[in-house]
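Here chain A shows up in two complexes: once beside chain B, once beside chain C.
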Partner chain A sequence: MLNRLMIMSLLLAAASLRADPPSDLKAFRAFFEQRFANIEIDDHRDGAYALDAAKREQWLSMEDFPPYEIAIEAGEALFAESFADGSGYVDCFENGGMGVKQTFPRFDVGANTVQTLELAINECRKAHGEAPLDYASETMGALTAYMAYTSRGETFAITVPPEGLAAYNEGKAFFYARRGQLNFSCAGCHVASAGGMLRAEILSASVGHATHWPTYRLKWEQVGSLHKRFNECNEQVGAEGLPEQSASYRNLEYFLSYMNNGMTLNGPASRK
Partner chain B sequence: MRLLRLYQTGPLAARVSGRCGMTAVVLMLVGGLLLSLNAPDSQAESPSAEAVLAQAISVYDAAKARGHAWVMTRDGLAKAQGLLDAGDAPAALVVAQQALETAEASLRQADIEAKSWQARVPK
Partner chain C sequence: MAVKPVKMRGKLAEGVAEIKALMPHPMETGTRRTEAGELIPAHFIQEVMCEHNGALVLRAEWGTSVSKNPYFAFKVAEAKAGDEVVIRWLDNLGETSEGRLTLK
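Now for the complex of A and B:
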């Protein structure tokens, strides 16, 4: 009997190691469909506001005059500016950079790394002789807010080529591994405890976590990136954060974004 | 029960406890002598604040390389260095030892999590 149990657990462990992205996505969505049977999966793109009617009402009131609107307008102007060599952002992206956010991050096979939208913007600048932007800057926030805005309503379609599987798996491991003095993982709060309370806050479901970036957070008083949010979460559990656009955070974004495939992009957004 | 009572209260108990007491006293004296002989060596071997801090930084760096550095270790290292710079070596030693312990815990966490994260993936 004991031998059978051991063999079964070994088989299960081997299965989890072999799990491919489509199987992961199916199991991930199924988990949240079961946990929140009365909520459509796509509604989770609104985070905790999909789980609590009163909080949603307050948030919708805030959306009457969305605080990220200024960033969209600034981003549109920045996006239209020409570089010193006469080119511009429009020359670096397919479709002139309009409506492409839902395909980021993607795996750059040539560079053997995950390319986020922020990284692509800076690569574009460097390729045309411009200095890269600070990832935490308002300029970067405005540019990505505008580009996300042009993708609103598009469906997330992240791909993982065979070459990108290692990066995807590293992001997946990061998501489920506990860290920090409090010994919490991303999944501990946003999978296992999703819908529960953390003090006065409702823990959002992880499905939909990547649909609405960049986001204007009231506590930041500016539009910020998903990586900035990763850092905030890490520090809250006593783990040291990583630099924005570090390989680990890009891999984590890659995994999380793949888990949003099939959902609608709704960035930029606002949060408390 | 009768035998036990006899042992606890009778002359046999007095003889046994007397022998045990003497043995204990001798052992304590010998132990104390050995400890006192060892004392100068122990003091010489006690690590300096600088050494403990260097060890704590090394373990912290190893945890950081694996994405598992802790905020409290980082803060502890900075505090220990500040105390050393201010010339307060005894206080620096205490803080550096705490930082070393948390750094070791974070490295253990990295080891454990390298395997156990898979158990949390929805299937």
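Now for the complex of A and C:
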């Protein structure tokens, strides 16, 4: 009995040792390099617009005068506002918050949780006696749009310290798990069926899913976060959504961002 | 809520100016409700006027079917560098704003 337990625990340990983030990333990229042999991995940061010439043309003409411009300007003004205690966002981030978005999400070892940019913004506010922002608000959207804009051209280099491995694996499990009435997983559409059609839309690849946030979706008429998009996906497969910035979504964002390591950030972006 | 100016871009080619404008505006239809269930009053751009060197060249009547922060593009004929294009809007609450562009 004891022998069997020992063997089982050894096997389990071996299994988790095999699945490490760098190996996952290599396999992930290799899949998409093979599936989309004519497209550079980095080009997938434009999502479906990297896969369809006609859609791309329409999107590029919109980019000429992008709808998120208003949010960037609003964000710049909001970012410069001081808190009641005289400090500001510049005091909470490296480099005054300019060009730091590509370092999020990160694993906060002290708090034992994944820290996204949105979470960091509210933590900053809390530390200086300000009320937190609603994660779905236009104010949060404007702030993250501005910060994303200053990180355009930067490269994702997300790290997973040993303490963060559990969160990374939770995010990975979420990505591959089926959910909802339609019993679809993220991977089902955005890995296995990437490039295929879902009704009238082309399914984008998961590589590039974390680079372009926050995003102005025309149907939202405002800038929204990646977690808002997670909720839309959940809704679309008939699964229950979660509050933005809940642990599961932050872990999923952690996994997705790691899978986008090496890619160029291009937020904020506009989408249909 | 402070009224924001109209953002404009213009491209001049062979005497025709292609003007693109982005107008920050809530464009409320008057049929949406707050979380508490109260109706959000209608607040939308009703009239858009465009002037080319002071002369009215375009007048549009808009309604509630136009989305928030409208994007509006149009062409102006017989345009040359140095011309001024002005876009002005008036909404149902009497608020107004404008944008000015000098063609290059």
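By our rule, the second predicted complex is superposed on the first by the 255 of 272 C-alpha atoms of A that agree within 3 Å, B and C clash if a C-alpha of one lies under 4 Å from a C-alpha of the other, contacts with A are read in each partner's own complex, and residues count from 1 in each chain.
Keep in mind that, in the parts below, a contact is a pair of C-beta atoms (placed from the backbone, for glycine too) under 8 Å apart; a residue touches a chain by one contact, two chains touch by 3 or more.
Owing to the predicted nature of the structure, the values given are computational and were not obtained by experimental measurement.
**Student:** When the two structures are laid over each other on chain A, do chain B and chain C clash or fit?
**Tutor:** When both complexes are placed onto chain A, chain B and chain C end up side by side without any clash.
**Student:** Please indicate which partner A:39 is in contact with in the superposed arrangement: first for chain B, second for chain C, both, or neither.
**Tutor:** neither
**Student:** With the two structures laid over each other on chain A, which partner does A:67 touch: chain B (first), chain C (second), both, or neither?
**Tutor:** second
**Student:** Using the superposed model, measure off the angle between the directions from the CA centre of chain A to chain B and to chain C, in steps of 10°.
**Tutor:** 110
**Student:** Using the superposition on chain A described above, determine whether A:177 touches chain B (first), chain C (second), both, or neither.
**Tutor:** first
**Student:** Using the superposition described at the top, determine whether chain B or chain C touches more residues of chain A.
**Tutor:** With both complexes superposed on chain A, more residues of chain A are touched by B.
**Student:** Looking at A:28 after the superposition, I want to know if it touches chain B, chain C, both of them or none. Which is it: first, second, both, neither?
**Tutor:** first
**Student:** According to the stated criteria, A:233 is in contact with first (chain B), second (chain C), both, or neither; which is it?
**Tutor:** Neither partner.
**Student:** Give, as a whole number of angstrom, the minimum Cα separation of chain B and chain C in the superposed three-chain arrangement.
**Tutor:** 19
**Student:** Please report the chain A residues shared by its interface with chain B and its interface with chain C.
**Tutor:** none
**Student:** Which of the residues in chain A end up touching chain B in this complex?
**Tutor:** 12-13, 15-17, 19, 24, 27-28, 30-31, 172-174, 176-181, 183, 185, 187-188, 191-192, 235, 238-240, 242, 248
**Student:** What part of chain C is in contact with chain A in the complex they form?
**Tutor:** Its residues touching chain A are 4, 7, 9, 20-22, 24, 67-69, 71.
**Student:** Over in the complex, which chain B residues touch chain A? Could you list them?
**Tutor:** It is residues 64, 67-72, 74, 102, 109, 113-114, 117-118, 120-123 of chain B that touch chain A.
**Student:** Note which residues of chain A are touching chain C in the complex, please.
**Tutor:** Contacts found on chain A: 62, 64-65, 67, 69-70, 218, 221-222.
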